[in-house]
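Note that the chains are named A, B, C and D in the order they appear, and that numbering of residues resets to 1 at the start of each chain.
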Amino acid sequence: MPNRVAIVGISAFPFRVRHPNYTYYRMAYETTKKVLEDANLTIHDIDSAIYGIYNDFFERQFMPDIIVHDYIGMILKPGTRVTTGGATGGYAIRTAYMEVASGLSDVVLCLGVEKSNDCWDPVTKARTPELVKAISYSADCEFVRPLGSFPAASYVLPVRAHIEEFGNPSEESMARVSVKNHGNAVGNPYAQSPMKLTIEDVLKSRYISEPFKKLDCCLYSEGAAAMILASEKKAKEICKNSGKEPIWITGVGAGNDSNFGGLRQKLWSLTSNVYASRQCFKMAGITNPIKELDVAELHDAFTGQEILSYEDCGFAKHGEGYKLIDEGIVEEGGELPVNLSGGLIGCGHAVGATGIYQGTEIVRQLRGEAIRQVPDAIKGFLHSVGGPVTAYCVCIVMERS
Amino acid sequence: MPNRVAIVGISAFPFRVRHPNYTYYRMAYETTKKVLEDANLTIHDIDSAIYGIYNDFFERQFMPDIIVHDYIGMILKPGTRVTTGGATGGYAIRTAYMEVASGLSDVVLCLGVEKSNDCWDPVTKARTPELVKAISYSADCEFVRPLGSFPAASYVLPVRAHIEEFGNPSEESMARVSVKNHGNAVGNPYAQSPMKLTIEDVLKSRYISEPFKKLDCCLYSEGAAAMILASEKKAKEICKNSGKEPIWITGVGAGNDSNFGGLRQKLWSLTSNVYASRQCFKMAGITNPIKELDVAELHDAFTGQEILSYEDCGFAKHGEGYKLIDEGIVEEGGELPVNLSGGLIGCGHAVGATGIYQGTEIVRQLRGEAIRQVPDAIKGFLHSVGGPVTAYCVCIVMERS
Amino acid sequence: MADRANEEHEEFLEYYDEMTIHYLYSVGELTKFFKEIRDNGKLFGTRCTKCGFGYFPPRLNCHKCYVPCEWVELSGKGEVIAGTICRFGVSNFTDKLPITIAFIKMDEMDMAIRHTILMSEDECKLENLKRGTRVKVQFKPKEQREGRITDFYFVLDK
Amino acid sequence: MADRANEEHEEFLEYYDEMTIHYLYSVGELTKFFKEIRDNGKLFGTRCTKCGFGYFPPRLNCHKCYVPCEWVELSGKGEVIAGTICRFGVSNFTDKLPITIAFIKMDEMDMAIRHTILMSEDECKLENLKRGTRVKVQFKPKEQREGRITDFYFVLDK
């Protein structure tokens, strides 16, 4: 029986295209300050830190964690950085969980930060293509990068395979996800892309990687997010002082698929998601996720990917994921609302921070502090994905007692 | 009381200047194959993996772990990469320990690999200066890199401060460490630089960063090393089948100092080492390390750093570390032999693999399988250091029952 | 705080910088694969000597069986598993758009490779990238080949 | 295995490659520091408004007290904490060797900065880099200054 671990503090730094007045370490500092306030602790109460920072090229700094560690006042304490593509935040929470559950540390800061839009292409004078080039080095540099590595292509290919296997999701169903997530972000001060859209708006936006259109894709952001995790004994002490409810991590699952998507025998299934979610639900004792969960944040880098994830996380049968969006099941007020924060599509994708930010939304929901609050939410689900063709996946179930 | 964790398998891939016939993932595969043989397991018995890979620039690949994960047959299982400079290997073991002790996984592969000598400077047509440039991006890119970031300078400055504070270590004492470690590597098939040297040879070698000379410095290598860690129950099962003795991890400590060495008030002390070793000894119940330990592998990227580490790990008083080498205490047959494998100076520094390789030497010593065997060794100590001015430090105590 | 970060738009300095590392790297155990492309215009995959699984891109060992693989010459013909047309992307590819990317399973192999299908402007439609679409390899002229993955591409096999 | 890796020296292919990313990056909250260097040839550190600790390189908040710091103009004088002479190193610095690097504590500050001391060939000896050696800042001429850390260096203050 593992030691119980709770989340006792959360914070975020707004996801924006750019924060030109902030270095990444100052964003980390501000976010740490806020998470300490939320937990009513000082930095001296923290035993250790796990950092979620995806891409050294973004920060223009290898080993950026050691600079953050110093800058936020963690000098002489342990600190480990996690870097697993888009799943960096999820894996950082998993690693922080391990650190507490192992007994090595009682109170652990889990901090994600990313500053992606300093990248700049001197030829086109544009930032995004150079940022995408920085990401392209995460694709196999012998076989994939030299041919052009496009994140949207990496995520659209399984969707294309799904369309050919099952005849769905349609461009309309995908557009519905875009409308939902951009819309959910409205009112969220941390979100980069709150928008009231129509299906038409989405369908009319230009193609990025067919059939994904501009409004099917998340945008890259600068931002940060943090959590404090604590052992059972410490969590009860801390929450007594802070007046916040401890949110327990009751399920953790992870699985990394081949980065060569062509090795997969069923390209239309994101098998890393299948493995990670099953492992997570098994640990949490969940057998019927759509019934037992109250709220979920899924990694929606692209609309079609969210729909495939419904299936691969066990919310719907294979080939029937589109029904969850078409029938409103994942909308606010539906049976299992997905991405009430806005998700990546609504909030932006500050890569290393994203999974942690998704986690803060679940904690807010379970505390009853969310902007689009699910009434009386007790169990929440976090799904964090990254790498070529969704290679990395981490899933976490959180509960309030 | 945390769950007990044992090391049940070890392997290494020889540290060499270059392995031109091997990609880094093939080195990882060969090393995994050997560690599975050592533990009498198959890859299907492994639940999860922790990868120690320092520098994406070395591998010419961001997120190299996802490629290794696939290539060694870990598809759909969890995998996390650790990257903490020269301390990557030590932190990887610490993280693997956390994963097992937390109860998330029972059997974890801890694999370090590095391929550094593909770097090449088109101006000088040389490899090492470009490799060192790859490392220089780990120094602060705003304040340090633009002025020239030299790893040897980063490690010599505390030694210079020590010389000014205490009048030692002398260049002769440092040379003795070089003679010892190069000499210990003789006969070790995994070592890159086995050499029988005289103190004169070392003193005559050219200056790199004064007073460090060429033979005071380790060389960068390509290579790999692996361990399998298991929970108590699983370890006993596995070792019953393999006939090997389980080696228990009884102490773990880590601490990261500021990467801005100028923030430290006593530059002559490697304070990350002080913090990590004390935490580790406390957990292992060790109060007098030089008496209680039988063998130690210290991170000796540079000779003078090894001498400072004697002090900061509590083997000698501050200012008296040089006596341990001058009086033969750390030599083979001495009271606490240090770096019987050859250390980094004798074996080379395959950065992400180094700490894990040091660990395999301690396991060999405790199993009674080492090349320079300490008779009846029961407790061993591993010290893994990295980052600007030794910012990262991890210490681990291992024991046989 | 949310507000503060938005409001604060003081003047800030911006600088040009780059991070660059150069290589003269070895392709290691893949040397045969790249040499056959460059010198002979031939594609080689590998096949597990135990379970028979065909790897392309090639790997010298089967990660499932932990035994060596052997080299297998390919006919150069295969079919699309899934494909897309990229119209926005990486800075060093902006002048090459649109690029058609697909997972292509070679006939003799059991996994697909992610590669480029060269299409005319007319051909460049999703409906020409359906699952099962037959494609064949095309090598660049010998004098342009460098022994890299970019030495060849695929075209529709009509 | 050890032997095998040594013995195996088959022919292998080597290729040129590079990894490069370009930036137009913001120095963020450090703008004042770099602007003062560039425009006014002045050095600024910061001081914690609570504990009084002096930071150089500057940081806008004290990581110990979690309160803001204030900017402090420095006299440009300081002393060596520890120094070394680098005679081998990074590829883009090989033509600049030897380089003298030291931790230098500015008189008004409580931490040292790692920077360069420009020395003549005669001066360039460890004995001129002893702890306590007095140094002073020297700025490049205004037209050469870009607002970067390389706009200034130190010299012996004799």
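Methods note: a contact is a pair of C-beta atoms (placed from the backbone, for glycine too) under 8 Å apart; a residue touches a chain by one contact, two chains touch by 3 or more.
Fair warning: this is a prediction, and the values are worked out from it, not measured in the lab.
**Student:** Using the contact definition given at the top, which chains are in touch with both chain A and chain C?
**Tutor:** Common contact partners of chain A and chain C, which must touch each of the two, are B, D.
**Student:** Determine the centre-to-centre distance between chain A and chain D, using the mean Cα coordinates as centres, and give it in whole Å.
**Tutor:** Centre-to-centre distance between chain A and chain D: 37 Å.
**Student:** Return the distance between the CA-based centres of chain A and chain B, expressed in whole Å.
**Tutor:** A distance of 33 Å separates the two centres.
**Student:** If you average the CA atoms of chain C and of chain D, how far apart do the two points sit, in angstrom?
**Tutor:** 42
**Student:** Two or more other chains touching the same residue: where does that happen in chain C?
**Tutor:** Those would be 10, 12, 14, 16-17, 19, 21-28, 30-31, 148.
**Student:** I need the residues of chain B touching at least two other chains; which ones are they?
**Tutor:** Counting only residues that touch two or more other chains, chain B contributes 19-23, 57, 60, 70, 75, 120-122, 130, 133, 137, 141-142, 260, 263.
**Student:** Quick one: label the inter-chain contact graph as line, ring, star, complete or other.
**Tutor:** Topology of the interface graph: complete, with all chain pairs in contact.
**Student:** Would you pull the chain C residues touching chain B in the complex into a rising list?
**Tutor:** Where chain C meets chain B, its residues are 17, 19, 21-31, 59-61, 63-64, 66.
**Student:** Touching residues of chain C toward chain A in the complex: what are they?
**Tutor:** 1-3, 5-6, 8-10, 12, 14, 16-17, 19, 27, 30, 57, 81-94, 96, 99, 101-105, 111-116, 126, 129-131, 148-150
**Student:** For the complex, which residues does chain B have touching chain D?
**Tutor:** The touching residues are 13-14, 16, 19-22, 30, 34, 57, 60, 120-124, 126, 129-130, 132-133, 136, 142-144, 146-150, 152-153, 156-158, 160-161, 164, 189-190, 206-211, 260-263, 267.
**Student:** Could you pull out which chain C residues touch chain D in their complex?
**Tutor:** 10-28, 31, 34-35, 146-148
**Student:** Please give the residue numbers of chain B that touch chain A in the complex, ascending.
**Tutor:** Listed in rising order, the residues of chain B that touch chain A are 1-3, 23, 48, 55-57, 60-63, 65-67, 69-70, 74-85, 91, 94-95, 97-104, 137-138, 140-142, 252, 254-260, 263, 271-272, 275, 387-388, 391-392.
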